[in-house]
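There are two complexes below, and they share chain A, which is joined by chain B in the first and by chain C in the second.
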Partner chain A sequence: MKFNINRPAFIKYITDVQRAISSRTTIPVLTGIKMVADKTGLMLSGSDSDISIEIFIPIEDESNDLEIIKEGGIVLPARIFNDIVRKMSDEKLTIEVGDNLQTHITSANAAFKINSIDVESYPNFPTIDSNEVISLPTNLFKQVIQHTVIATSTQESRPILTGVNITIENGTLKAVATDSHRLSQRIIPINIPESLSENSYKVIIPGKSLIELSRIVEDQDTIDMMVTENQVLFKAENLYFYSRLLEGYYPDTNRLIPTTSSTNLVMNAADLLQATDRASLLSHEGKNNVVKLSISDEKVELSGNSPEIGTVREDLQYQEANGDPLVISFNPDYLKDALRTFGHQDVMVSFTAPIRPFTVVPVDNHTDIEQAFIQLITPVRTY
Partner chain B sequence: MTYAAEIAKIKKGQFSPVYLFLGTETYFIQEARKLLLEHAMPEEDQDLNVGTYNLDEVPLSHALEDAESIPFFGDRRVVIVDQPVFLTGEKAKAGIEHDTEWLERYLNNPSDSTILVFFAAYEKLDNRKKISKLIQKKATVVSVAPLKEAEARNYLNQVIQNEGYHMDRQSLQFFFERIEDNLSKGMDELQKLFLAAMTDKKITKQMVEDLVPRNLEQNIFDIVTYVLKKDSQKAIQTYRDLLLQKEEPIKINAILLGQFRLLIQVRLLAKKGYQQPDIAKVLKIHPYRVKLASGQIRNMDENRLQKAYLGLVEAEKKMKTGDGLKDIQFELFMLKYANQ
Partner chain C sequence: MKFNINRPAFIKYITDVQRAISSRTTIPVLTGIKMVADKTGLMLSGSDSDISIEIFIPIEDESNDLEIIKEGGIVLPARIFNDIVRKMSDEKLTIEVGDNLQTHITSANAAFKINSIDVESYPNFPTIDSNEVISLPTNLFKQVIQHTVIATSTQESRPILTGVNITIENGTLKAVATDSHRLSQRIIPINIPESLSENSYKVIIPGKSLIELSRIVEDQDTIDMMVTENQVLFKAENLYFYSRLLEGYYPDTNRLIPTTSSTNLVMNAADLLQATDRASLLSHEGKNNVVKLSISDEKVELSGNSPEIGTVREDLQYQEANGDPLVISFNPDYLKDALRTFGHQDVMVSFTAPIRPFTVVPVDNHTDIEQAFIQLITPVRTY
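What follows is the complex of A and B.
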């Protein structure tokens, strides 16, 4: 195999593929990046068994200056290969596989010769039947990911909660994540082809996979999603992003979301975020990370304390507060994560009782879908 | 509080805010865990309201944060803490600090919507520590220590009867020997025996022989018997079975040596007129071991015992100095010894 390519463009591609490659793997060949060149272009592949990424660089895309001189394939140690390509100085890069699986990497006056692995020893990626393709609006789907992955669990003792539960039916995509202390739910309308309108899909995609997907996907119009029993494939232009699915049943989260409230607070999300951030300065120093929100007829107060350092109190500038007086304590980090997803919108924070979860929703929903965007947080008991 | 009494309360839905299950009996630990979850909440709520924290991997504060949180749904959370190493004299895993002050505050004012459960699979706690004293004072402490021989036998016998199975005395005795009166092992093995005897509900000695694996010590006992009888074929076959079970040659040899040392000691003390109970006291071992050893060396001359012992010492030396292959040293010893 031998090819020339534009080095800055190539760096972007191999960096994206490397997102799927782990240095800690029980299968040594998976620490490598697979490259296969044929007359149509160059395919780059990387995998850690959970996530697999393939990027195809077509010969006709002139911005890459790709020139295939000899067809073939090789697997190169990903980390060192990436470092070599980055440190080269010239615009043009030449890669050639020589004898005894040694690969020559040259650019300007620098030449590396590195030991490689036979391409045949690289495991095959799953084949996914592409009859059932669901097209998702890319920017909106990336937003859905960013709004929900914050609530996935990092605890492997409850593996199902490390994923985002995605349900597609009746022309909507519903994404839910929870770590049992907070919950994020986002529902968006999508266009489903007539032939698939009767179908419904339920998949649990690892949060880690979705984070990587949202980082790698460019701003094209749509991204295609294809599902099999234990894998999902997202396809966008020349990118193929595979992820394993989590097995098991996701808990029924519909019953968790309160339908009534006894106290409501309306204010700007960014203002509440900043106030919570200030209150958490002290709570982070303390033994347990808790802030307290007090809502009464005349004021809304946020407070935090650390026995070792001191206390903080702040009267919040709100637009509306109604209902029963309330004192509730919670982990400020959960509220901050939730509020960041709303940007500068006004939000309504609704409470049912000091010992029941409370919700944060945008005041302006921009959609007819009920509970289209909701963040739910479990309080901590108030001493 | 006794295990049985506390389990009865749990089954009635009467829970304590904090439990400390102290002891190493795996069967009781697993059963307590299962019953607690079963009776604390419906299965569909468990994903969201049960947190399990292994303190070898995460700090105690993670568990306490969970315990302080209001249940996501339903009436209560269950927070399970495994490996609470801070209650013992051992050091916590590197890089993990356990906030025992927060636990002190929690124990003095536990959440009424949380059941916090510590599974301390240790023989005892370090009672010099303030936190160990406090948890034993504030929590419901349940002993899950291994049962004594007679208790374990009674318990297993009761299980067999409750399940409607029958086992004659000889089969039962053989079963207890095979499982070494270990309750956890016994409960595991009974599941196989129940399946095998499903049709007529009779568990025979042959079923025990076929289905309950012998442990290392029992295999070693057989090897010793075969060595003494100079039955090299059976001795080597049993030895190879142990190698297939991934037992280390040096370990097997060390146990064999210990066994032959015991035989020589029993022989010498018996010669001096000591009775079996006295021999057990002098050697600080269980009388049953003396009884078995005496049976093995009946009509056996000292010279043969010494030759076997010295032959095994030589085999060990070769294993440890790399003089020849480790795996075949015992076989070479056996063939040489059998032909003396």
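What follows is the complex of A and C.
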């Protein structure tokens, strides 16, 4: 194998592939980046066996100055390879596999010879049947990811909750995540081809995979999704992103979302976020990490305290507060995560009782779909 | 005590004072920031007992909107106080000491009450006799710090080597640091008042103190230095920076610096830095962290290797190479630190033998002072 390539362009590609590569894998060959050159272009692959990423650099795309001089393939240690490519000084980079599985990396006057691994020992990625292709609107789907992964669990005690539960049916994609203390739900309309319109797809995708996907996928119109029993493939231009699926039953979350409320607060999400951030300064110092919201006819007050440090209280500036007076305590970090997903929008916070979950939804839903965007938080019982 | 102040301006001041405050001190009151308001202004103090910083905010400086409503003083927990002030939302901040040593911090609708410490329990800073004041050119002295602290030791086995040895006499300031593997020396001319011109001052200032000083002192013409037996005070406008001195005898470093050379290499410091950085990619992977420089009549080659990963070699692009052929091995990190102090200047690297220290000096010294700027590195014996 031998090729020349534009070094700055190449850095971006290998950095993207490296997102899938972990240095802590138990399979040594997976610490490497796989490169295969043929006359159509160069394929780069990386995997940690949960996520696999393939990027194809076609020979036609002139911005890469890719010149395949000899076909072939090799696996190089990914971390040091990335460092080497970054620290070269010239625009042009040449990579050539020499004798004894040594790869020559040269740019300007610097020449590295790196011990490499035979490409045949790299595991094959799953083949995914591509008859059923669902096209997702890229930017909207990236939003769905950002708005729901915050509620995935980071604890492996209930592995199923580390994923986002995605259901595609009747022209919508519904994403739900919950760590059992809070829940995020987002529903978006999607276009499904006529031939698949009767089908329904239910997959639980690891939150980590979705976060990496949203980082790597460029802003483009659509991204294609293909599902098999235990794998999902997202395909964008020249990018193949594979993730394993989580197996098991995701809890029924529909019954968790309250449909009525007895107290409502409407205010700007960014303002409420800032106030909650201030209150959490003191709750973080205490053992319980709980802040208190009091809604009365006169005012809406948020307060926090730490026996050692002191107290904080703040009159919130709201647009509207109605319903029964209420005092409720909760983990401020859950509310902060939830509020960040709304940016500077106005939100409605709806309560039923001090021991019942409360919800945060945008005042303006921008859609006819019911419960299209909900953040739900379970309060903390403080007595 | 009660005062109002412009919050953005105040954030800068308390952040500067906090540089001296450690959360890991064994003296609880030193985790606090001391504030004393009188009719002339507000004094902020912080200390970790090695470094003490005082910043005075005069009432006349209108950019701070400082309004002293009631004189007095208090000590507040520094870290959380800084967080609170940062996370407020209004321009205006009010601080008032209430009953039971509780301090009220208010801005817009948010009100914190923070448990505080009686100002009387805060230790006094040393009084420093100010008859002998030496004025240092601020920017040049900050350069001296940056160019020498790199060679201070970080190991406490020989505490004296964690400092920079500063000698002021005959109209010059000489700064030397060495960790016994490398040495940095910088000499600058300074103006000494007639009355002190016969004096000489020798102090060993902890490298950490100098780094903090160079971070905090604003770009201004001069900074005043005053020395007592075990303390040094640097005084700029409204800033008092105290550091303890290291006690003991600093080794005589003059005899370490070679005065002759048998091989010389002239090249751009930035180019040599990049090449050394590349070579160190592989030396870092091995046990020894050593790279090899070979100077022959035909070429100058830098190489590095790691038995596991591979090898790198590079023909250096130099301006001039003369003298005896030479092969020398050294720790690339020492050379990288040294080269960074020269920016994009051309440097002369001078060798006497493979087992003798070599020096790096700027080709253009910009001064008549001999040995005004020297970086010295001890090679590694590899046979």
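In the analysis below, the second predicted complex is superposed on the first by the 382 of 383 C-alpha atoms of A that agree within 3 Å, B and C clash if a C-alpha of one lies under 4 Å from a C-alpha of the other, contacts with A are read in each partner's own complex, and residues count from 1 in each chain.
The definition used in the following text is that a contact is a pair of C-beta atoms (placed from the backbone, for glycine too) under 8 Å apart; a residue touches a chain by one contact, two chains touch by 3 or more.
If you're wondering where the values come from, they're calculated on a predicted model, not measured in any experiment.
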*Putting chain B and chain C onto chain A via the overlay, clash or fit?*
fit
*Superposed arrangement, angle subtended at the Cα centre of chain A by chain B and chain C, nearest 10 degrees*: 90
*Does chain B (first) or chain C (second) touch A:277, or do both, or does neither?*
second
*Could you tell me if A:252 is touching chain B, chain C, both of them or neither one (first, second, both, neither)?*
first
*Is A:379 touching the first partner chain B, the second partner chain C, both, or neither of them?*
first
_With both complexes overlaid on chain A, does A:161 touch chain B (first), chain C (second), both or neither?_
first
*Should A:89 be classified as contacting the first partner (chain B), the second (chain C), both, or neither?*
second
*Shortest CA-CA distance in Å separating chain B from chain C in the superposed model*: 17
_Using the touch definition from the top, list the residues of chain C that touch chain A in their complex._
77, 80, 83-84, 87-89, 102, 109-115, 274-275, 277-278, 281-282, 285, 308-317
*For the chain B and chain A complex, residues of the former touching the latter*: 44-45, 47-49, 51-54, 61, 64-66, 68-73, 99, 101-102, 105, 109, 111, 113
*Name, in rising order, each residue of chain A that touches chain B in their complex.*
155, 157-158, 160-161, 178, 180-181, 183, 251-252, 255-256, 287-290, 331, 355-357, 378-381, 383
